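You will see chain A twice below: alongside chain B first, and alongside chain C after that.
And then the complex of A and B:
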């Protein structure tokens, strides 16, 4: 178990910059997810940590050791691949035993047939068999040990791949989208299992995914990557509630955050769709954007800030999402409502929406978060008229 | 209409199959028949299998003076020429054999066919094993490793595929002669050990093996050579079988190269060279034994193919990786 520290890591293929100065410190025993849309460089980053890809600049250290130039086999890391990458010609037990055999047995002991006669080989074999049995028990795949990967279902293969990773105690576990080939139900189930496994082992996990739900549910911290940079690295709640960047706010959370254009007058007072809000920013900016999570919007009781027409409803049982088209807005607003409110929301009917201005996330035109929110000064009489 | 099309397709296929099979049929048929039947083209597939006289057997056992002396007691009161006649009759009676038996026994007795077959096994297996030892790492490097000039090297492999062996046979022969290797197993094996076809075929197959599998092996602590032998080789078994068929058939049947580098030393003859033993001499061509030899030579190949065919089709699916 060890911490992983990445300093100013850069990677380019030819003229294309894939990673642009990544800084990340994963503490010992921490579960960090790298999450981002495809092509953001998250898998490349993981492969560089693993030693499967060479960095262009920057450094990585595992524990206290810098690992630049050390080959993958010698970095003491375990990795689970998206495609599982099991050896098709070996049984499940043999697959799981491979990392131990390669690391704990000498070249001569590994020889087929003759290897068994080498001194110490038998004892090693027994130790390895015990370790394999234990890993199989942890993952509940004891019954599959004699099968070949070709005879297993996707979920079973995934477990074997996990078993192969955790049969030894590496410095850190690297997981590259291990759940993306599973069906939705199994994915939810395995998600919990991996999180529990992490708690049990207390090991360092670095987990790559494009699915923000996976990242949110499993991680101690999420590193949101886009365009070769880490935009924000923070615990899931913070990334959700307090994003640094509009892109982070848009990527995290489902359904997506609602983004409305906002204007600030000379005094910094904000208005949305022509309605004044009781909040302000420092004067100087004109165009801004505000982000509203679906749950911060609610049906207006009296005077509605935003008026639109319901165009689509999604009943999820425990909650209800309504898509509302608003004149002057390109996208639709998504509102989360309680099922009890279903009667008030009919497709085609008009809906007045309201929100608490304090819960609005304010971003500048470039998408950076504006954290300094002031109470709007009262309008002067002259302006009011 | 579709019925007619089906018939037509089968007719064409049958015709093709016949063209391929007729020489084999002829070979097996000749290997069973007596010389007289072969010459006159009678007797159907297996001939009448009527007893025939093995003239060579008669030649070997022709009675001489001493035989006549010892046999005189058995034929009291007869003159020598009569006794000789009687003895000759007996010898001829003893040398009566069935044509099929005659052909196959002379195939093995007139030429040391077992020795030739053994040579064939040694040579083709050595060639194949060394070809694999060379081609697998080369193909792995060309498909899975990134290094400067990889495409150029692969281009050279493709270029070498275009070079006909006969064009470079003479320089290779001269080289081997200078090294003093003519009339050795090495001369039969060494020129074939680097198979560009093998490299090409295995490279194409390795391209289909997911990179993740190679990366997983690296994470598990394998070096590059360990990956070749422990991961790539087992997954490549179907492709290797295909290559084995090409390689073994080509070198088992090769007549040209052994004929060049094995001059005189009959203990190094490969099976096809064994056929020459029955080419026309004073007795005329012995087609029966010659075809029996040919049948014996092709049998191991056909048997091997039938055995490998199942493996060929089953293979090891790469499904375990997806």
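And then the complex of A and C:
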């Protein structure tokens, strides 16, 4: 078990920069997810940590040792691949035993037939068999040990791949989208299991996924990557509630955050779609954007800040999402409502929306978060209410 | 269990049992198989017990005479010996070289196409044409091979290589005319011509191995190229290998054109390169001894069948298709 520290890591293929100065420190025993859309460089980053790919610049250290120039086999890491990468000709037990056989037995001991006669080989084999049995027990795949991967279902293969990773105690576990080949139901189930496994082992996990729900539900911290950079690395609730960047706010959260154009006047007072808000930023005329999570929007009781027309409804049982088209806005606003409010939301009907100005996330024109939010001067406050 | 309200016609058709239907549907294929494969084979089997020759008005049943000849006459003993030697030398060598070349070419970043083409050339070239080139190269006096060897005479190489010293003193070998060398020359040409084909098959097999498996092997601690080969490449090439070995075996048993082209008098010096296929041709067609030719054909089919059975067994047990 060890911490993993990445300093100013860069990777380029020819002229294309894939990673642009990654800084990340994963503490010992921490579960960190690298999440981002496809092509953001998250898998490349994981493969560089693993040593399967060479960095162009920067450094990585595992534990206290810098590992630049050390090959993957010598970095003491375990990896679970998206395709599981099980050896098709070996049984489940043999697959799980491979990392131990490769590392703990000499070349002569590994020889077929004759290897068994080598001094110490018998004892080693027994130790390895015991370790395999224990890993199988942890993952509840004891009954499958004699089967070949071709005879297993996707979920079972995934477990075997996990077993092969955890049969020894590596410095860290690297998981590259291990759940993406499973069906939705199994994914939810396995998600919980991996998170529990992490708590049980107390090991360092680095988990790559494009699914923000996976990242949110399993991780201690999420590193949101886009365009070869880590935009924000923070615990899930902070990334959701307090994003640094509009792209982070848009990527995390489902349904997507609503983004509205906003204006700040010379005093810094904000207005949205011509309505003044009781909040202000630093004085100075500028264009801003405000982000509103679907749950911060609600149906207005009196005077509505935003008026639109309901165009689509999604009933999810416990909640209801309404898509509202607003004049002057390109996209639709998504509003979360309680099922009890369904009567007030009819497709085609007009809906007045309101929100608590304090819950609005303000971003500048470039998408950077504006954290310095002031209460607007009294005059405009009176106007807004 | 036919539904009651079906129209009468449908009911009558459905009444025909599925088994009858199956036989009816496969009848054309079965008839063709009988006509094209089994009947000729059976007639060859029958002929192998007779003294039939083409154009003869009558034929006599000679029982096992033809077969007895095969196992007693020295020329047939030579035939079996030459054929088996050829198969046992050419198959492992051309499979091994094919695999080696494929692995080397696969590891190249650039220039793959050039090497592929070069190694594949002998496969595409007609062996009859190539045989002329080989004959020229192996000519005892003006041939390139002996000329090159003679260049080593009188140098330090001679002291290291007794065979060359012997050649320098007593004359270089007459490759195609010496019964000690003729069979090996034929083997060499067989390997030269065959391994490019195996290489192409192995290259196709190699492209089918998922890259993730190599990454997994690296993560699991397989450090050397040999360990990666043992853990990933070789098992993944299992199906390819079974196919390559079978095809090469059958092609090796069928060798004919090399012998026919290189030895105008047939079968090489004192029949040292008297291959089975050539014997069938010589007996059955040239000398019109159909009975004997048919007997050799039966023996040939037996060998091919043994190989096929072994291949099937291996495929079922050892080789893993994922």
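Keep this in mind: the second predicted complex is superposed on the first by the 376 of 385 C-alpha atoms of A that agree within 3 Å, B and C clash if a C-alpha of one lies under 4 Å from a C-alpha of the other, contacts with A are read in each partner's own complex, and residues count from 1 in each chain.
The rule is simple: contacts are C-beta pairs under 8 Å (C-beta built on N, C-alpha and C of every residue); 3 or more make two chains touch, one makes a residue touch a chain.
All values reported here derive from a predicted model rather than from experimental measurement.
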Would chain B and chain C fit next to each other on chain A once aligned, or clash?
clash
With both complexes superposed on chain A, which partner does A:312 reach: first (chain B), second (chain C), both or neither?
neither
Have a look at where A:157 lands relative to chain B and chain C in the superposition and call it first, second, both or neither.
first
Name the contact category of A:73: first (chain B only), second (chain C only), both, or neither.
both
One more residue to check, A:122. First (chain B), second (chain C), both or neither?
neither
May I ask you to decide whether A:102 touches chain B, chain C, both, or neither, giving the answer as first, second, both or neither?
both
Would you sort A:85 into first (chain B), second (chain C), both or neither based on which partner it touches?
both
Figure out whether A:282 sits in contact with chain B (first) or chain C (second), or with both, or with neither.
neither
On the A-aligned overlay, A:189 touches which partner chain: chain B = first, chain C = second, or both, or neither?
neither
Out of 45-53, 63-71 or 81-89, where does chain B run into chain C after the fit?
45-53
Common interface residues of chain A - those touching chain B in one complex and chain C in the other
47, 50-52, 71-73, 77-79, 81-83, 85-90, 98-99, 102-103, 148-150, 164
Can you tell me which positions in chain C touch chain A when the two form their complex?
210, 212-213, 215-216, 218-223, 227, 231-232, 235-236, 238, 320-322
Using the touch definition from the top, list the residues of chain B that touch chain A in their complex.
210, 212-213, 215-223, 226, 231, 234-235, 237, 316-322
Chain A residues touching chain B in their complex are 47, 50-52, 71-73, 77-79, 81-90, 98-99, 102-103, 148-150, 152, 157, 164, 181
Partner chain C, residues of chain A touching it in the complex:
47, 50-52, 71-74, 77-79, 81-83, 85-90, 98-99, 102-103, 148-150, 164
